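Structure below; questions to follow.
Labels for the chains are A, B, C, D, E, F, G and H, by order of writing; each one numbers its residues from 1.
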Amino acid sequence: MEEWEKRDRRLLLKYRAGRLELRELVQHLRELPYQNLSFAKVDLHRAMRRNFPEVIYAKGKTSEQIVAIAQVLHRNGSPVLITKLTPGMAKAVRRRLPWLRYFPEARIGAGPAHKPRSRGLALVVTAGTGDIPMAEEAVVTLQFLGTPVRRLFDVGVAGLHRLLSHQKILRKARVIVVAAGMDGALPSVISGLVSCPVIAVPTSVGYGASFKGVAPLLTMLNSCSPGVAVVNIDNGFGAGYLAAMIAR
Amino acid sequence: MEEWEKRDRRLLLKYRAGRLELRELVQHLRELPYQNLSFAKVDLHRAMRRNFPEVIYAKGKTSEQIVAIAQVLHRNGSPVLITKLTPGMAKAVRRRLPWLRYFPEARIGAGPAHKPRSRGLALVVTAGTGDIPMAEEAVVTLQFLGTPVRRLFDVGVAGLHRLLSHQKILRKARVIVVAAGMDGALPSVISGLVSCPVIAVPTSVGYGASFKGVAPLLTMLNSCSPGVAVVNIDNGFGAGYLAAMIAR
Amino acid sequence: MEEWEKRDRRLLLKYRAGRLELRELVQHLRELPYQNLSFAKVDLHRAMRRNFPEVIYAKGKTSEQIVAIAQVLHRNGSPVLITKLTPGMAKAVRRRLPWLRYFPEARIGAGPAHKPRSRGLALVVTAGTGDIPMAEEAVVTLQFLGTPVRRLFDVGVAGLHRLLSHQKILRKARVIVVAAGMDGALPSVISGLVSCPVIAVPTSVGYGASFKGVAPLLTMLNSCSPGVAVVNIDNGFGAGYLAAMIAR
Amino acid sequence: MEEWEKRDRRLLLKYRAGRLELRELVQHLRELPYQNLSFAKVDLHRAMRRNFPEVIYAKGKTSEQIVAIAQVLHRNGSPVLITKLTPGMAKAVRRRLPWLRYFPEARIGAGPAHKPRSRGLALVVTAGTGDIPMAEEAVVTLQFLGTPVRRLFDVGVAGLHRLLSHQKILRKARVIVVAAGMDGALPSVISGLVSCPVIAVPTSVGYGASFKGVAPLLTMLNSCSPGVAVVNIDNGFGAGYLAAMIAR
Amino acid sequence: MEEWEKRDRRLLLKYRAGRLELRELVQHLRELPYQNLSFAKVDLHRAMRRNFPEVIYAKGKTSEQIVAIAQVLHRNGSPVLITKLTPGMAKAVRRRLPWLRYFPEARIGAGPAHKPRSRGLALVVTAGTGDIPMAEEAVVTLQFLGTPVRRLFDVGVAGLHRLLSHQKILRKARVIVVAAGMDGALPSVISGLVSCPVIAVPTSVGYGASFKGVAPLLTMLNSCSPGVAVVNIDNGFGAGYLAAMIAR
Amino acid sequence: MEEWEKRDRRLLLKYRAGRLELRELVQHLRELPYQNLSFAKVDLHRAMRRNFPEVIYAKGKTSEQIVAIAQVLHRNGSPVLITKLTPGMAKAVRRRLPWLRYFPEARIGAGPAHKPRSRGLALVVTAGTGDIPMAEEAVVTLQFLGTPVRRLFDVGVAGLHRLLSHQKILRKARVIVVAAGMDGALPSVISGLVSCPVIAVPTSVGYGASFKGVAPLLTMLNSCSPGVAVVNIDNGFGAGYLAAMIAR
Amino acid sequence: MEEWEKRDRRLLLKYRAGRLELRELVQHLRELPYQNLSFAKVDLHRAMRRNFPEVIYAKGKTSEQIVAIAQVLHRNGSPVLITKLTPGMAKAVRRRLPWLRYFPEARIGAGPAHKPRSRGLALVVTAGTGDIPMAEEAVVTLQFLGTPVRRLFDVGVAGLHRLLSHQKILRKARVIVVAAGMDGALPSVISGLVSCPVIAVPTSVGYGASFKGVAPLLTMLNSCSPGVAVVNIDNGFGAGYLAAMIAR
Amino acid sequence: MEEWEKRDRRLLLKYRAGRLELRELVQHLRELPYQNLSFAKVDLHRAMRRNFPEVIYAKGKTSEQIVAIAQVLHRNGSPVLITKLTPGMAKAVRRRLPWLRYFPEARIGAGPAHKPRSRGLALVVTAGTGDIPMAEEAVVTLQFLGTPVRRLFDVGVAGLHRLLSHQKILRKARVIVVAAGMDGALPSVISGLVSCPVIAVPTSVGYGASFKGVAPLLTMLNSCSPGVAVVNIDNGFGAGYLAAMIAR
């Protein structure tokens, strides 16, 4: 039975015992574990419900809004993770949140990391050097969520031997995140070599008919090797989050 | 019978009585209630015809053109609403139109608001914080057109309880405008909870496979819950305008 | 206060009075007004919640599934509406549901219609003869939901005078549904002439670059005349449903 | 018989008469009327072949390249028209080509205009104020090619009476160019009112689901009124060129 | 002055002379020259207004509807043209309309052709053999509208000499219709050789990345040779109609 | 150390001991564990390498080819799973493979199932009744791969209470597969309620702007709730395969 | 110097010598080596000009048209190749052309093959069994054009070892054609292993987000390994033709 | 037999002779010819494997990363080619790599060129002046890879005679690269005139419905003249690389 279910039953018993008014009971049952800022309803319940805290997506928010939400989370003892945080924004936000650590390559701001809770190893792979920022977003997310991580960068299919010489580490992983742009062929190839789930991150690296990541997205959705699932273009955070869930 | 129909009949009777020449009669019948600027034909007839005044879409117009059109409307006693007005433009325009009020979040410039004419309540909802500008565009439009409005922001489906705790206000509304980007799932969910029309505004918030609003647009068009209609991406004004028509 | 809220309060009072066990109370609060068929969960609650009954979308269902769902609704006193029902399917279904009436042009099967509940008039318009099936889907839906309807067919913009000679009926409507394929220009033109909401239904009529309705869909989303909202391609039912909500 | 055919026959007669060597003859037959700059082959033959001179498309060319091509044309007595010429470029180019006149709204630089050669009137129409630049591109092109032109701006379908009050001028035209963005509905409506060809120019004015002009492009290709042909998005020049061909 | 304007003035004079009641006058002014079938409003006014009669687009109409519309036109002395008429439909329709002639390759049914009214020659060209049906649609339409036509088939750019050997007929034409699928390159090449307008018809001939005509449609819209305008995919009728307008 | 690595070392030792020729050694190292049919190279190595056997994708193969591949797998002791197998094909194949069991709703043919190897529960959910075939494909795949499965069908967001009343089973799952068409909103909503990975299967159920599954695909890629990954449209098998990997 | 150039010089010398009239000379220079059927202009010149004969694309042609063109080619001593020829068509055509050989898998009809003219080896590879028809189209075309060919089928990236064990034959080829659907990853992988050109053929094998071959087409265009060029979806013939040109 | 195969056999013999430990042997067999930088794995093996060195794609890399990779290649005696190198980047990179030569129009940085190794001539053609940068990318790549190159610029199909007067050089080439934007028609036309492979480069030159190179890409994929293959939009490097492979 969950924490809030217990609370509800306690309230019902209290009400029956006459120690709570009907009006108050209804009020309590309606009380929900989020905090209402005018522009945001911060979901404090999420860590309980999902085992992972709410994450702040920085794009489209002002630095004031980011700071306010982060403070609510922080004050309530929830860890803080801010994604797609540009260096300029990071500077402004950290002036107000000195406890925040900024990872420039991953464009993530994070509060104190979780204690490792996972025993499964996550491996984060890229096809090229240009895919590293999205891969780092996954790496930082995984670390924040307490998952041991290893990196394997620049092993795209144009030089297969670079990949084949790392089969040992590939086989060790409980879950693999693969970031690739252009032809997006790497997840298919890796999935064919391993027995664990592969989370594919199409990246907007490339030009022309890559259509800002559409080409690798389609490649990955059509992987001829089962065991591959796909997240949004450039969504290293989402891949890391999901990988942490799997590795747990 | 409409005003101009009465005018036409008056003219015909006058003409029969010999107090109007055939040439003059034809001329009068051709006279149409718009004012011809070289670059624009301002539709003074619209308030009569549609119960709502003509609205100025600022994008692609010079500030000189905006000012000229606004002055024609203002001089003819018509209310003035200017949409998609950037802060820079607003500054230039207000130097010439001191009576204009600027709403920076909604990017709207407006003359004196209508008196409330509607009794039905309009509710404007957003899925996230990033959708607020489009929502505010709808709010300001609704207020300008005399409709009572309430806001409910940041109640996206990632934390359903934030939405479910507001079912009372949802059920009170005569019409609901919902602005959402990314997965665009909120209008479907809300529509399933209420008995009033839902106007969905897909927003360009998001990245990658959201394709600048195409993803939520398609989601909303395919709503599995009937009672949802869709306007253009980021078109908060259009949603507000339509909601005002419905609430009336 | 709604019916089910009252029921809940009654239960809570009963429980306090000791006439209901805690376990039973929790059970009752969990009891939801739907009936669980293995392949479907029929939403009996919907008529209460939305003022409109649940509607059966026939496509992708077997005739056995349709009959089973319809019977559950019928037995519970809910009206029955089945959309996208092909003539072949209709024949099979009616053998089991003799009370069902079939509208072949609208491809709708319906149980006894609602009593008129709405005073606002809905007008259903088409640009061409080929758009009539989608328009009829809207007409039958509106009638089923108790809304007075009028038809105005084949008044596309290629011959404007056909439309302009019907301005009287256009101005009388509380809401107008416009079905148009090909260029999809008609809703913009009509919206410019009236003061009520226009629900636009893009149709898949046409060929080549109409892309099975994408062309009129985009036209309608970009209407230069505010007051237009759009539903899915060929979704006459959705337009009729929304129009009934507005007309009420 | 054309000029160059005559030249060829003269050469062949001369050769037969022994006044020309076989080698020379072959050489002459190969000589083509263009001038070879390293980066461009200026087509001096075009005015002869097409009745219209070669036109310089400025985009993607350096100002040096533009000047060099324009000088070759000018020196050979050919008129000069430079399209998509930005104000910055225009300034740089005119320093070297003082005889060039610049039309900032149309973004065209032009040498001395042709003498009027056409008796048919061309009418250039826009739906909104934002479409004027593309319309002006057509107007300047038509004037340069010697065609009488009239303008009719801001008569979009949101206020039909603005258009209907100009039916006289619409009926006078030998060819009509219509520039429209957003819903792109105007060419269909105009074509239904007249008996001359309508050249439709979709413009990139608009936002969201107008997809930078794709929406009006599709609308126009699907015009339910025959007699409409379409040119590329924002291609006012192409529309003007074609209209001049038709009006001639 | 047009016929109906004269009629209106006659009515006004009659009314002034007291020989017409006000109510009757208004009624007459409202009377519009179309005939109202329940499913169609036949535009008898069109021949007057556009110099071309209304055309029946067969797709999406029942044979009963086609027959009824054709009879109204025929009875009113208007010529009849039915496009996209399949052989099966044609058979059914001709049983009721024995005076109708069917052109199976063009999929057109036509009543008695117009007398030649145009002196300008129209040339209809195809890139391949597969484009002939669309070309024939244009040919029959042009003939029906009284325009002299010549055919030039299978002269695609894969064997340029086939085209270059027909430059004489190319230069004679007042307007050229070019139907091409696949790469759609032919209109650009032809337009570069002639001084008359080229109407390009993209065809759905081809496979794979031709996307049912999208590839040649885009090629033609981007023609590097000005003087080309485009109609809908496979719209041979539209091209023929426009060409007839130009040739007149 | 893996089986084949041990074999290689054994061979190397044997070779050193002089009991194997260099030529033979090289030959052995080249010998790969697949069987070469002319039209297919059956990957017997896969079960070893991936813990899951090779799967036969029936579409585009003749029944002869399917039988031949299945026999090679079966003879080598590998389990057999054939996806996208139509009823007609299934009949033909089972005549030759009497040990094959056919699941008509899932369109899967399977040999003897794996013994349960997984303790984690997989839950397979659908939004509507039309999504059941893809869900069944996932269910059968999961069962074949030895994973305990539960079904929860027809709990789409149009009637949220149907979903909310099943939160217990949702929270019990180690992994959830969600099949949804139309708006595709269900995976976002479910993911917000649970702490396990959600594999989303967009389905081609729906019409018009669902574009055969593109709309729900985009919705799911843009899920505002992290923890969702997506597979190809209608790819129930891929989702089941991945879920089995996660549940293990 | 080419054959026809020699012919032209001979004619010019003959003319100078007075043995040819000017009119006749011009006539001869215009005479072009194609034969004019009403619906086709058969390019007899092509074998000379391109070293390869004209090829007949069967789709969209009647069997009468195919027979007529093939007969013209055959009578003029040109080899005959007919692509995309369905079995039904093949039967009809072979009744009239008994010398034609039909390859059902490749859907090609061919006259007597060229004598081997090429020394370079072409290798034709497929990712799966479903890609074999397009591969066979390339094989038959290569053989017809006199190029030695080898096949390597079903070596997709899901089981890399199947490919890696064939590196010898991969390295022997002068050119490689790779047909692949779904993720289309194979050409990138192969290109990284070899030093010869790779011609990639995307196939329409697959479902859902493969969009009938668009996914592998994009993958191949974005190959991260240089040395890959792409032809149209399912265009095995085009790939074989190009490979023959390269191998020569 | 290849270099590394010889090395492997030498090692095996050495091991048999007892001069190498088993552990060491395995280690050596695992040693792969690439150098591991943390962010990149430089493929030194590629020149051996593919006859062409690894190429550095500058986009998305920092100048530090580019310099580090270039130095590894340079130190190992491999030639260096850096593509898509902006002038700003080039300046930064050359400060550290003084031996690098920069080609600003081609946006390529290159180390000492290969000695000519190829006898076949490559011809690089453009349709317009705006296509020159992509063509120059191909030219520099070809020269770097030791292939003799000729240029033929600005011979688009709008003025065919410019192209036809260069048939001699067209026929001389062993391979032709054609860069074209807008309608992309040139490769089809050229391919029809020659007997060598044509590599088509669609360019992003153009506007509106050219969709940044999609229009010419589709045109080229659908070339009605066989013998054309396509590379990515603006990928002059890939075309040059492939052409060098063919010309060899």
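Please note the rule applied: contacts are C-beta pairs under 8 Å (C-beta built on N, C-alpha and C of every residue); 3 or more make two chains touch, one makes a residue touch a chain.
None of these values were measured; they are calculated from a predicted model.
Engineer: Check every other chain and keep only those touching both chain C and chain G; list them.
Structural biologist: Both chain C and chain G are touched by A, D, E, F, going by the contact rule given at the top.
Engineer: Quick one: how many steps at least from chain C to chain H, stepping chain to touching chain?
Structural biologist: Each step joins two touching chains, and the minimum needed here is 2.
Engineer: Measuring centre to centre with C-alpha atoms, which chain is farthest from chain F?
Structural biologist: That would be chain D.
Engineer: How big is the rotation relating chain F to chain G when the fit is done on Cα atoms? Please round to the nearest 5 degrees.
Structural biologist: Chain F sits rotated relative to chain G by 90 degrees.
Engineer: So using the touch definition from the top, which pair is joined by more C-beta contacts, B-F or A-C?
Structural biologist: Per the contact counts, B-F leads.
Engineer: Same or different for chain C and chain E, where same means more than half of the interface numbers show up on both copies?
Structural biologist: Interface between chain C and chain E is built from largely different residues.
Engineer: Hey, which one of A-C, F-G or B-F is the same interface as C-F, over half the contact pairs lining up?
Structural biologist: Comparing each option in A-C, F-G or B-F with C-F, the repeat is F-G.
Engineer: Can you check how far apart chain B and chain G are, centre to centre, with Cα atoms defining each centre and the answer in Å?
Structural biologist: 58
Engineer: Could you put a whole-Å number on the gap between the CA centroids of chain B and chain C?
Structural biologist: 25
Engineer: For chain E and chain G, let me know how many angstrom lie between their CA-based centres, rounded off.
Structural biologist: Distance between chain centres, rounded to whole Å: 38 Å.
Engineer: Two-or-more-chain contact residues of chain A, please, as numbers and ranges.
Structural biologist: In chain A, the residues touching two or more other chains are 128, 158-159, 192-193, 208-210, 214, 217, 221-223, 232-233.
Engineer: Please list each pair of chains that are touching.
Structural biologist: A-B, A-C, A-F, A-G, A-H, B-C, B-D, B-E, B-F, C-D, C-E, C-F, D-E, D-G, D-H, E-G, E-H, F-G, F-H, G-H
Engineer: Which positions of chain E touch chain H when the two form their complex?
Structural biologist: It comes out as residues 127-128, 156-160, 164, 181-185, 188-189, 191-193, 206, 208-211, 214-216, 218-225.
Engineer: So in the complex, the part of chain H that touches chain A is made up of which residues?
Structural biologist: Per the touch definition, chain H meets chain A at residues 30, 32-34, 37-41, 43, 45-46, 54, 57, 59-61, 65, 84, 202, 204, 212-214, 217, 232-235.
Engineer: Residue numbers of chain B touching chain A in their complex, please.
Structural biologist: 128-130, 132, 153-155, 158-159, 161-162, 165, 205, 207-210
Engineer: Enumerate the contact residues on chain G facing chain D in the complex.
Structural biologist: Interface residues on chain G, with respect to chain D: 9, 12-13, 15-16, 18, 22, 25.
Engineer: Could you please specify the touching residues of chain H with respect to chain G in the complex?
Structural biologist: Touching chain G: residues 2, 49-52, 55, 171, 192-197, 199, 217, 221-223, 226-233, 237-239, 241-242, 245-246 of chain H.
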